[in-house]
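Before any comments, here is the structure.
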Amino acid sequence: MSISPVVAEVDFGQPGRQLGQLRVPQSRDDSGWGTILVPILVIAGGSGPTVLLTAGNHGDEYEGQVALLDLARTLREEEVQGRVILLPAMHYPACVAGRRLSPLDGRDFNRCFPGDPFGGFALSLAHFVDSVLLPLCDFQMDLHSGGTGMDILPSAVGHVLDDPDMQARTLAMADAFGAPTTLLLREVNAGPTLLAAAERRGIVALSSELGGGGRLNPDNLAITKRGARNVLHHAGVLEGPPQPGAYGAAQRMTVPDLAHYVFAPCDGIWEAADPLGRAVSSGNPAGLLHRIEALGEPPIELWYAATGVLWCVRHAGRVKAGDPVAVIARPL
Amino acid sequence: MSISPVVAEVDFGQPGRQLGQLRVPQSRDDSGWGTILVPILVIAGGSGPTVLLTAGNHGDEYEGQVALLDLARTLREEEVQGRVILLPAMHYPACVAGRRLSPLDGRDFNRCFPGDPFGGFALSLAHFVDSVLLPLCDFQMDLHSGGTGMDILPSAVGHVLDDPDMQARTLAMADAFGAPTTLLLREVNAGPTLLAAAERRGIVALSSELGGGGRLNPDNLAITKRGARNVLHHAGVLEGPPQPGAYGAAQRMTVPDLAHYVFAPCDGIWEAADPLGRAVSSGNPAGLLHRIEALGEPPIELWYAATGVLWCVRHAGRVKAGDPVAVIARPL
Amino acid sequence: MSISPVVAEVDFGQPGRQLGQLRVPQSRDDSGWGTILVPILVIAGGSGPTVLLTAGNHGDEYEGQVALLDLARTLREEEVQGRVILLPAMHYPACVAGRRLSPLDGRDFNRCFPGDPFGGFALSLAHFVDSVLLPLCDFQMDLHSGGTGMDILPSAVGHVLDDPDMQARTLAMADAFGAPTTLLLREVNAGPTLLAAAERRGIVALSSELGGGGRLNPDNLAITKRGARNVLHHAGVLEGPPQPGAYGAAQRMTVPDLAHYVFAPCDGIWEAADPLGRAVSSGNPAGLLHRIEALGEPPIELWYAATGVLWCVRHAGRVKAGDPVAVIARPL
Amino acid sequence: MSISPVVAEVDFGQPGRQLGQLRVPQSRDDSGWGTILVPILVIAGGSGPTVLLTAGNHGDEYEGQVALLDLARTLREEEVQGRVILLPAMHYPACVAGRRLSPLDGRDFNRCFPGDPFGGFALSLAHFVDSVLLPLCDFQMDLHSGGTGMDILPSAVGHVLDDPDMQARTLAMADAFGAPTTLLLREVNAGPTLLAAAERRGIVALSSELGGGGRLNPDNLAITKRGARNVLHHAGVLEGPPQPGAYGAAQRMTVPDLAHYVFAPCDGIWEAADPLGRAVSSGNPAGLLHRIEALGEPPIELWYAATGVLWCVRHAGRVKAGDPVAVIARPL
Amino acid sequence: MSISPVVAEVDFGQPGRQLGQLRVPQSRDDSGWGTILVPILVIAGGSGPTVLLTAGNHGDEYEGQVALLDLARTLREEEVQGRVILLPAMHYPACVAGRRLSPLDGRDFNRCFPGDPFGGFALSLAHFVDSVLLPLCDFQMDLHSGGTGMDILPSAVGHVLDDPDMQARTLAMADAFGAPTTLLLREVNAGPTLLAAAERRGIVALSSELGGGGRLNPDNLAITKRGARNVLHHAGVLEGPPQPGAYGAAQRMTVPDLAHYVFAPCDGIWEAADPLGRAVSSGNPAGLLHRIEALGEPPIELWYAATGVLWCVRHAGRVKAGDPVAVIARPL
Amino acid sequence: MSISPVVAEVDFGQPGRQLGQLRVPQSRDDSGWGTILVPILVIAGGSGPTVLLTAGNHGDEYEGQVALLDLARTLREEEVQGRVILLPAMHYPACVAGRRLSPLDGRDFNRCFPGDPFGGFALSLAHFVDSVLLPLCDFQMDLHSGGTGMDILPSAVGHVLDDPDMQARTLAMADAFGAPTTLLLREVNAGPTLLAAAERRGIVALSSELGGGGRLNPDNLAITKRGARNVLHHAGVLEGPPQPGAYGAAQRMTVPDLAHYVFAPCDGIWEAADPLGRAVSSGNPAGLLHRIEALGEPPIELWYAATGVLWCVRHAGRVKAGDPVAVIARPL
């Protein structure tokens, strides 16, 4: 039995379509028993697995939020065999602010798992997702984009797993999702993410990166809308096969190690040498860092230390020392 | 004689190349007589007019900052006939932060003219620019982009002026700058901008919009680098004619009135119907506003109320009630 | 002609009922040309004077806000002879926050007149009200309550004026408003208030205090709703005479000087000796100040230094040195 | 042995009256070894149980703070058989600020138990209370009111307990306290409260709600002063029986489930339909939510979903989505 | 007649000793009519001039605050011929915080003159001092130290004045004050200081620097206590001559220009080469700037560009680009 | 194997001199995968023990930071037998700010051990130091000074340990360090400090206090530079014996209990009676607390309650209730 102080104003055991909310306690000076309402949709019917689709883990990643809002409007109860749970704006205060981090306490929601029931809004909600929602699920996908700072090739993102069966099922779901790229990562420190929390509970789970730059990209929105439905088709909650994208099967890639990252060694204005998706080579220039405090001096040149495809590139012009400005992926 | 507390650590009356700084007082708790250093370059030689080029009026507009840093490195003293003054990161604290507004006091520097010598950093610096630098100048151009929120067609921007001679000279400088578009605005409330301050002092003056979205756009950077040199050619400070862009002569346009703006009536996630530069028509959909608080309801549809070219479109996904999301320009 | 950057999305010269908004520029980092929308209603018809009713000057004073929202819904175009302008939530950001002061810059809107067109949101809006709205008006009433800190007897509040005719007209409007009390003040420092701004423009003008304690008091709401309509009847914009309250004619009172105030000499928890409206006498105890830092010591006793009626008493328990905790009024 | 870094500048093992303080570490930039002083009183004499009375758990709840300050002044050493420990302003920084939450870190002290010795001021103090003070106690009562946001019928508040003997002893203490109402709650998530911490240590323990609205209510102060002494009489620390209130025996009530709450579905100004203490019925209107952003539209009507007595009602006018605005209790 | 909203709770026209306060309006969310109390002492008797002594212009400068608190306790009414007005903690909120700048709005009080009656706490108080207090005065001295950041040789500080008579009277008062050094400055931008405000009103006026480093220096406190009384002796308010210091007559010095300052070119940790008061020479090392971001690189060497006495040296270890780290004075 | 998300861009297993950085994740709104770079130096060669020297645990303590920057520049690879790891600016954000506490979250880094890999910057870095660096070490010394608030006699500081062998080895290292004083403390609550973390791992470990007052003291810098090298000599990493100071062997002292502290009972300006290092006696005056809010009243006198040497005295003038203002040490 859960000890979560979060109250779900939907009944997960009920059939039918329920639009409701999670009521998460957030004490204010002027409302000691105040709560924050996180919108949730549950559609259950017939028999089949449970799929949890989430977006708004980070508030400035828009493709997933809009795709799930769209799915919530268009998914009909009679289509569903099993159960679909949608959280289109999961870390709600960050979504309202259009920021990655919470305006309440600066937390990154994807560093909050498995949560703490009395640790404040983000930890309390993460605990509810982990201890109440995940145990209901067979499949889970958490829809991310690159946010304000980064622009990323639209990709389903999974982990390298020890269990070959889970690995296969994860890759199958990624294939079904149908983004142009599937990225498989070996993350030793992924513990506090929702993806790792789902994996710990034996759920077939994916994350994704679907654009970025702090904007809603229409092409990526189309990929995300189709992908969200494809996951339901793949799980068998919707009838029929997933619908492939125009670009064919996803290319499976990975980012093997830190040598595939380029980091800014100091503050400056970032001028990338290459656009997203271009093939790049170790030893070639990655871009320039222009320093306003060094009038008259040349910009700092940054270089790739690996060869592959430019999978992620810094969007925002101003960078700080230690910021990644480019990430290279290569075929798995 | 100026009563500005700002100290210029360059001598504007001296010939030659001087890299220096403006020393602007900014009292801190732990440094009562502290100053902030704003980088400045002066190159003077031979005889000719004075041109002041500025960027970093807003800290998150990068094409101008990088173009002037580049010009500061490459402009040779022996090329110059007259005087060039460069302020590549004018509102320095905002530039360091990569923000439009000052991290010191939230001020928008382009709403600070004609300034106040003892009104705090921004007003004090604006007063110096207005009362010390502008009186030295014959030509002035202030390089803007659309910033974090907006994306804008690369344009030289000028005002509709009462004096036909000044209007002609302004348009000539815009033609020389060589952006694809020249936008002429009738702004009744432009008083606190640097452009209006320069006009009040009888200087041939332009502003610009050269991209946006909080990033450095390489194509727009190329336009800006060439444009900055073109202004010097046009003024006669550099020998030879301005160098035209590949796209030929600038198209002269205007934004006649508020009907050419589309505003968000409430908060939401903005999905634009059209890309920048497309021809759009009154009565057609401008885009959708997706509301995370209204799960299950359709997005709000916004419509154009004018016909023309989509000159500016909201980049950032999250908007607040009252934000402009599209601006239409039409031929002058 | 006004140079205000505020745009009214209603046409004050048009007959009929217009629900619209004032569009007040407020630059944000992610929206340089952002605006804040202040709701406004204009109803004009037939011939008659113009009455401006405002509430939400302070965001935590609720009777006026709700009464004007109610009036905006119920006032029919065909009832109106002349023009009614309603601003039910004038200092909109403070109203959204439920705070007296602006969450944008901490300003008290009623210390911002006559404003400054480019001085930031509050000064810019005050300038618009002063320079655009007030010149249209014959009568103006600004509806206040005591806010979070104070509780006040429901009262129309006017100034002692030099011009006996204006004084008589002011008192007549106060009588018509129909609060139990009319308070007439001699304020030498009222310059930056809306009331003083209206008086400077020769308008018959009142302020009010209609409860407080940070809550919406139902009895005071009834007084305010009736009073707002009564002002329209009095001005002749609505037909028929004002409707008196059950308590008969207003008692005219004043607060002659600072001896009628009781101030807290130090921080503490305030325990009032008397409820609002009680007759109190000089030399009697006004209340106790309990100091948590002085465990074991008696509370500090405060005393009245004047005789009259307890017109205003501190609501909030915690006070700081220098806070008024009681104000005594006496018959004019 | 305790590892708390909190130092008590009283000796709990000593007889007599000791006014002192808890010295709680709080590092500042300019005082690395700084401490915050929390006032404490210990009176011990003869033989008898130990009673801990606390107030100022939330800084904006005043009846308890003032009643314990009064008790600290008036309780004579020679009256006491056993030991009385008083913490009238327990969460001291919140009490100084007159706020529910800590101005240091925004924590709600009543969500901090059992604390953490090195987790910052609030957790460190909670750990001291839990690990050092509670083990000394036989009876504990934590005096709350409704705070800035809520107004609540004066009530002793206890938990539904599994152990019938502890339940009986708890109800007996509540009867002795003598508030008009005794509320018994089944709280599955009360873990981080002081009440639950005391129960975990086998102490007969109560909380209370004694008014609210951010003010000191004189009637409720009288109840609280008498109640605090009554607890000492009941425990046998003071001789003689508790002194009943004029209203006779407390009515025992409960709030069975969330259907007895009314929540605001969106932001607005709250107009309650009923005063505190009125009998209300399921299906009747609970109040109106007025929305300043929806000029011309009707307010939102809220309805009761249960029948009983209006035990708690929103005081503060401005509410946010998710705030409770009414709580109904019914006889146990 | 003054229109200041500041109320003096002393009567400057009354004889005798009055301990009181200035009541300066400062609106808070929970106290709209709140005021801040600035302690003031007035002693008047017999006939003679009026002397205004102020300290706490900056809150982290302690010698003046303590010397005037001491004078307020020890100055007897019967000693005074004329009038003494003491403001020992003038910018009261900054003094409570122990900070140079106001915790209310970050203002430097000594950049606020001549003030603005409705411009917020600091401007409002400056306006009162300028328009109400200064017109009462014949002599004024404002007691400063170097604050948190700087350490300065104890000095009376005056301006180079155009009027030789005023200059002579100023130097005579400085001689009487009796600090080891008298510094005479030609400040073209001193307009917003209290010293300049006093000079504009024809008052014999001085500032001072009496130590610093954010601490109370006992030797400098002794100089300041004696100096404050000496000013009263010099003015004739106290009988008898000023009492000289053990070090004999003050040395008259000046800081001729910016070449006598050493500024930090970048952020770092400051290691001064010389102690305060040492004779230093142009071209010699002034100190080192250690940069934590440049591990392995040598520190930056700074050099004197003038010859004289080290009058002021940076105390605080951490400096920012643009901070002065040394100021050299030389004989007048 | 460590699960730390911190990446060391040096290889601790490699011989030679490596200047690098620790890359510590710190998510920002505009850089989700941002990191903060903490400078580190590793020199390894020959065979011998590993010594970890750290400074900048608190950002406003400068002697250690500068001494280790100096050591990093001057220590030659060929001198080293074993391994030296230097972290001259360990809590880097606090060092950049020149503040004791982190500008990121207000944490005191020396209350963060043993850390938490996903608990935010400070806890994450503390976890890395504890779980990755400490297991490599034989000797550790963490260089502190008194910071902005306190001034302290230059001292090596160790703990009273249960194991006599470890105690002897600790004292031997302190003797080798060569500060004038060695202070041995019995700290029951030292758990979250780096010193305790090192002890828990069986490392010979010391802390220190080497001046303070927010400045870099040249004499103490000399002691610290020599002491840092002496630790390496003592460990055998550098050849030859430690170099003693001019003052001979360190005096071994202790601070036995809280009676050796003087605390401020209320806010005020601190005037110390004695300079650092003076012999003081119980019952003698420790200093005065001047209260600006109590004009006309005498200052509060504070007294020593123990006899010994004034080891630490409050530097900063402004104190708050609960601040220590003096600490007395006596011979061990």
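Letters are used for the chains, namely A, B, C, D, E and F, taken in the order the chains are written, and counting of residues starts over at 1 for each.
Throughout what follows, a contact is a pair of C-beta atoms (placed from the backbone, for glycine too) under 8 Å apart; a residue touches a chain by one contact, two chains touch by 3 or more.
Every value quoted in this text rests on a predicted model; they were computed, and no experiment measured them.
Undergrad: If every chain is reduced to the average of its C-alpha atoms, which one ends up farthest from chain A?
TA: When every chain centre is compared against chain A, the largest gap points to E.
Undergrad: Among the chains, which one keeps its Cα centre farthest from the Cα centre of chain B?
TA: Relative to chain B, the chain whose C-alpha centre sits farthest away is D.
Undergrad: I'd like to verify one number: the distance from the centre of chain C to the centre of chain F, where each centre is the average of its C-alpha atoms, in whole angstrom.
TA: 57
Undergrad: Go ahead and note the Å separation of the Cα centroids belonging to chain B and chain C.
TA: The separation of the two C-alpha centroids amounts to 42 Å.
Undergrad: Multi-chain contacts in chain B: which residues touch at least two other chains?
TA: 30, 60, 98, 148, 293, 316, 318, 321, in rising order.
Undergrad: Considering the complex alone, what residue numbers of chain E touch chain C?
TA: Those in contact with chain C are residues 3-5, 7, 23, 26-37, 105, 117-118.
Undergrad: If we count contacts the way the header does, which residues on chain C are in touch with chain D in the complex?
TA: Within the complex, chain C contacts chain D at residues 19, 39-41, 56, 59-60, 62, 65-66, 69, 72-73, 88-89, 92, 95-98, 148, 213-216, 218, 221, 267, 269-272, 290-293, 295-299, 315-318.
Undergrad: Which bits of chain A are touching chain F when the two form their complex?
TA: Answer in residue numbers: 58, 60, 99-101, 106, 108, 111, 146-150, 188-189, 191-192, 258, 263, 265, 316, 318-324.
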